[in-house]
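When the chains are written out, they are named A, B, C and D in that same order, and each has its own residue count from 1.
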């Protein structure tokens, strides 16, 4: 049973990591805490849902669409909204993101009502067993693999491409980057687009595993926060470590103390990590 | 100079007089609405002490609200104490909690502090949901105030008004005392503040405790007014966000900024919800976005600089965009 | 009388030696110059004295009392004030308020009311020559004025000892001369001064004694004349540049 | 710059439109006479908005039905019914504020309840303060009725009795299941359900092997399911909300957890649940104070079946017990007002308290504390539809479940 709990925790952690990876990128590069992150995940989930409900498109096909659509949306939001206030204090961007969150959630609520929806695919609850003790849900394994793929893709983009160099330069020194000819506004927009695109991917997987509704975003933003903080900023490994740490502690914690203690456990860990290692498990001491 | 001060005092006194007399000519709902505005004005002003003046963006200030409310509930319901006792206990209890939590958490800066306080509030909510004495997630009743209907409305309105005046008055005194200088110095540059001899830990903790104290008082009155508390709403992140939005909207780091913010945000959202049953929150989001883009320095900046119109908006955008 | 004394002061960062086993002292009323190439550990040493860092080894004494391990604000209140190499004004305050904060919380600040502190700040600003900019915002000052404000903040704390960390960097010749005059005036008012500077012109003009750091180690300590002619010092730090500057 | 100009222009038109709409809103508010106003602050947005809509739909339909058929007769005069709504944003503070507004500004005659117990309590306290009767169909927690508030009436049966019919049904199976797992959401209502069920189960001789609370709106049940699998309990009873029921069922399949019976309070009876889970919803049991298979003689509608038909035609989804409870709320008001022969709040309150009314929801009769008398029935999803299976079921219950792997 302990093994099963460990597996549950690891797989949930994979999904957490996928949720948080985009938030971590945006936060790390632009110092924006994207409160609307969960809302973007919701939009990704609904993209998949509608493509499935109307066209019967398989979620793994629509994954590409939801990433692309969310990338475009993220690009636009940054370019034509957030960039206008980016030099004001970090607060201002935070509240702007809050406004965006309210806007997206309620636009979704008005257009789609608060009904709970579910992408009902045949393989949604498929599983396989290892021995007699451990049952492993297939989709969660896929989610786990996907987060690794996306992390590698992000790693590649950031470290091996010109775009990545621009992003890193901009994140270190905005004015210097501009001086050496980086189109800062565009770089920011692309970064935000990438982060939100990753949220779209998380949304697609979420929609296969869980029911979705326009008001699902807030909770996911909170979880992503926790993951980003535990893992620390500035590394593609951070969200994975953070996600796994959260997933596993939650799994064992809720097993031992009961599920109502789940939030108590994760937020206590959050606060402790911040106090003891403010830069995350991976980050340096100071 | 003196003449100007006199002018301000007259205008201020006049507004205060209107506010004090306003319940006498209004229906109960308007009084209740006014009470809510005052409550948010207290909380936004209290947030302003730590967030606006000291520069520590607390994202967990609702924890003081919840603690104040629950202390009141437990003392009145379980221990049968008088509201006056519970009210004071709520303020001091929240302040004490601020000190305890502030000592470790105030060592963090920027976003990290914000998230840590958010974590504290969420953890506290989860704790209250699991405690026996708070009756867990099913919520706790409070005794109801034994006055005539009108009397109840007056009571809560004037309690909130009194608490708000106390908050603003104390904030004003603090600002003009040495403590105020130390808080702003910390906001502007904490290392420099430390090197000019400011015990930054002490100053920050006092600021956090003051913030907690007033928020706790607001929570106490709220709990008594509602006569029922549940952890979810009492510790809702949304409440913190609302305090911050109000402070920023009105102008943070300004004495009357949060007050103006609370007043205008509540009026706007009330008006919208009167006309649009469902879409009002959508419009509210739009208002927040527009306000942040065009007036990031808050309404009070517009009022004090006497700048209105498109040129002011564009000036702001030019200043902050890339 | 020795006002400041360091014994075997060492500071390591993650195994890296920034300051290595240094002894130093400062007489009451003395102006001590601290020089050395960039990265020699000068600012680290100032930070150790000011309490920003706790020394990894060794001790620092001020007026015979051990101060290493105390917090910056405690040391500030005991009578040591410092400036920052990259100036740190409080940009959201006026020039007067900036200095007033120093007067409020520095040595003897406990007994000053906010009002008295502001009065004191006005005197100090007069003294450093910023009286005409008193009500300007600190973020609206020129480089030279900002350096002066940095000094005013330190002086307002009513210190016995001030640590000036490159207060002349970035100034032109005329401004440097004014700053030198100011430093002399400060000494006359009874304070001891530790001054980090690259500007040799200033060092030669004001310092009673010079102290040279190189790679975290003390390589010379003596009168200005002696040190500036010391072979090791010339090789390690001054080199050709010194010759160019002085001739 | 060009973009900025365009932005500004768009904003300008946006504001203009909003302004126009606002001013039209004013004209639309024309008052008419001979109207009884029912006030209702309920969730249009926020976490409870989905279920809130079920109540709104029912309230609207009941009012429409009454007005179409001659309205409410008080003495010689007939009144039309009208509901004044506000959106409480699923926030109890807002909700109670709007109830005050309904009373003080809109001068409503009576109050209809919001959804969820946590919001109902503060609202009911306002009703008590003003002595305005409120009938609610969306809060069943005993806590609502525990304070001797004379002005609150509820049409959902006491939570503690919810699983009674299910437990009785278990006794009829062969062999009788022995071990039971009770899971419940950390919510007033569900806690009451679980406490009542545990007591009943023990009295009836079942072994409650697992009694566990989970966080409200939990999404991940793998921990609990792992425990159930390890304990291998025969029966799993879940008291929670629709999302939780959905998650629980899907994850039971994901982790291949196969108890002999799963029953849930909220979820199975709702159309959303069956649509979302498709085949995986098969054989899941539910409990409800009401089901579409029941056949009661109605008050506003001819009988339950006709109501179900009309409801489906109007709203395009299957009504469930939330909907039926909402219809009953309005029906009780009409009946009580007519019996009181007055709009006097005290008289109507007394009339409500002495209600004995046949509705499509069953017979409505209130206990001393204001909560409806009555129990609930066991349902099961069979062939994509929900059937009442106990007592007097339309179909026979299928027991035990076919395991996930053996299903098609």
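What we mean here is this: contacts are C-beta pairs under 8 Å (C-beta built on N, C-alpha and C of every residue); 3 or more make two chains touch, one makes a residue touch a chain.
Since the model is a prediction, treat every value here as computed from it, not as a measurement.
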Interchain contact steps from chain A to chain C (minimum; 1 if touching) = 2
Take chain B away without moving anything else and the assembly reads A, D | C
Between B-C and A-D, flag the pair that has more C-beta pairs in contact.
-> A-D
Looking at C-alpha means, what's the farthest chain from chain B?
-> C
Centre-most chain by CA centroid is B
Between chain B and chain C, what is the gap in Å from one C-alpha centre to the other?
-> 43
Just how far, in Å, is the C-alpha centre of chain D from the one of chain C?
-> 73
Where the CA atoms of chain A average out and where those of chain D average out, how many Å apart are those spots?
-> 34
Averaged over CA atoms, how far is the centre of chain B from the centre of chain D? Could you give it in whole Å?
-> 35
Among the residues of chain C, which are close enough to touch at least two other chains?
-> none
On chain A, where are the residues touching two or more other chains?
-> 106, 109, 260, 262-263
Would you pick out the residues of chain D that each touch at least 2 other chains?
-> 45, 186, 215
Full enumeration of touching chain pairs | A-B, A-D, B-C, B-D
Please name which positions on chain A make contact with chain B in the complex.
-> 27, 31, 33, 81, 83-88, 90-92, 94-96, 98-107, 109-110, 174, 184-185, 188, 218, 222, 225-226, 229, 260-264, 267-268, 270-271, 274-275, 278
In their complex, what parts of chain B are in touch with chain C?
-> 176-178, 181-182, 184-185, 187-189, 191-200, 253
Listed in rising order, chain B residues that touch chain A in their complex are 57, 104-105, 107-108, 110-112, 114-116, 118-120, 122-123, 125-127, 129-130, 137, 237, 241, 244-245, 248, 252, 278-279, 281-282, 284-289, 291-293, 296, 317, 319-322
Touching residues (chain side chain D, partner chain B) in the complex = 4, 8, 11, 14, 18, 21-22, 25, 44-45, 85-87, 89, 91-93, 96-97, 100-101, 103-105, 117-118, 121-122, 125, 128-130, 141, 143, 147, 186-188, 191-192, 215-216
For chain C, which residues are in contact with chain B within the complex?
-> 50, 52, 71-74, 76-77, 81-82, 84, 88-93, 97, 100-102, 104-107, 109, 113-114, 117, 153-154, 157
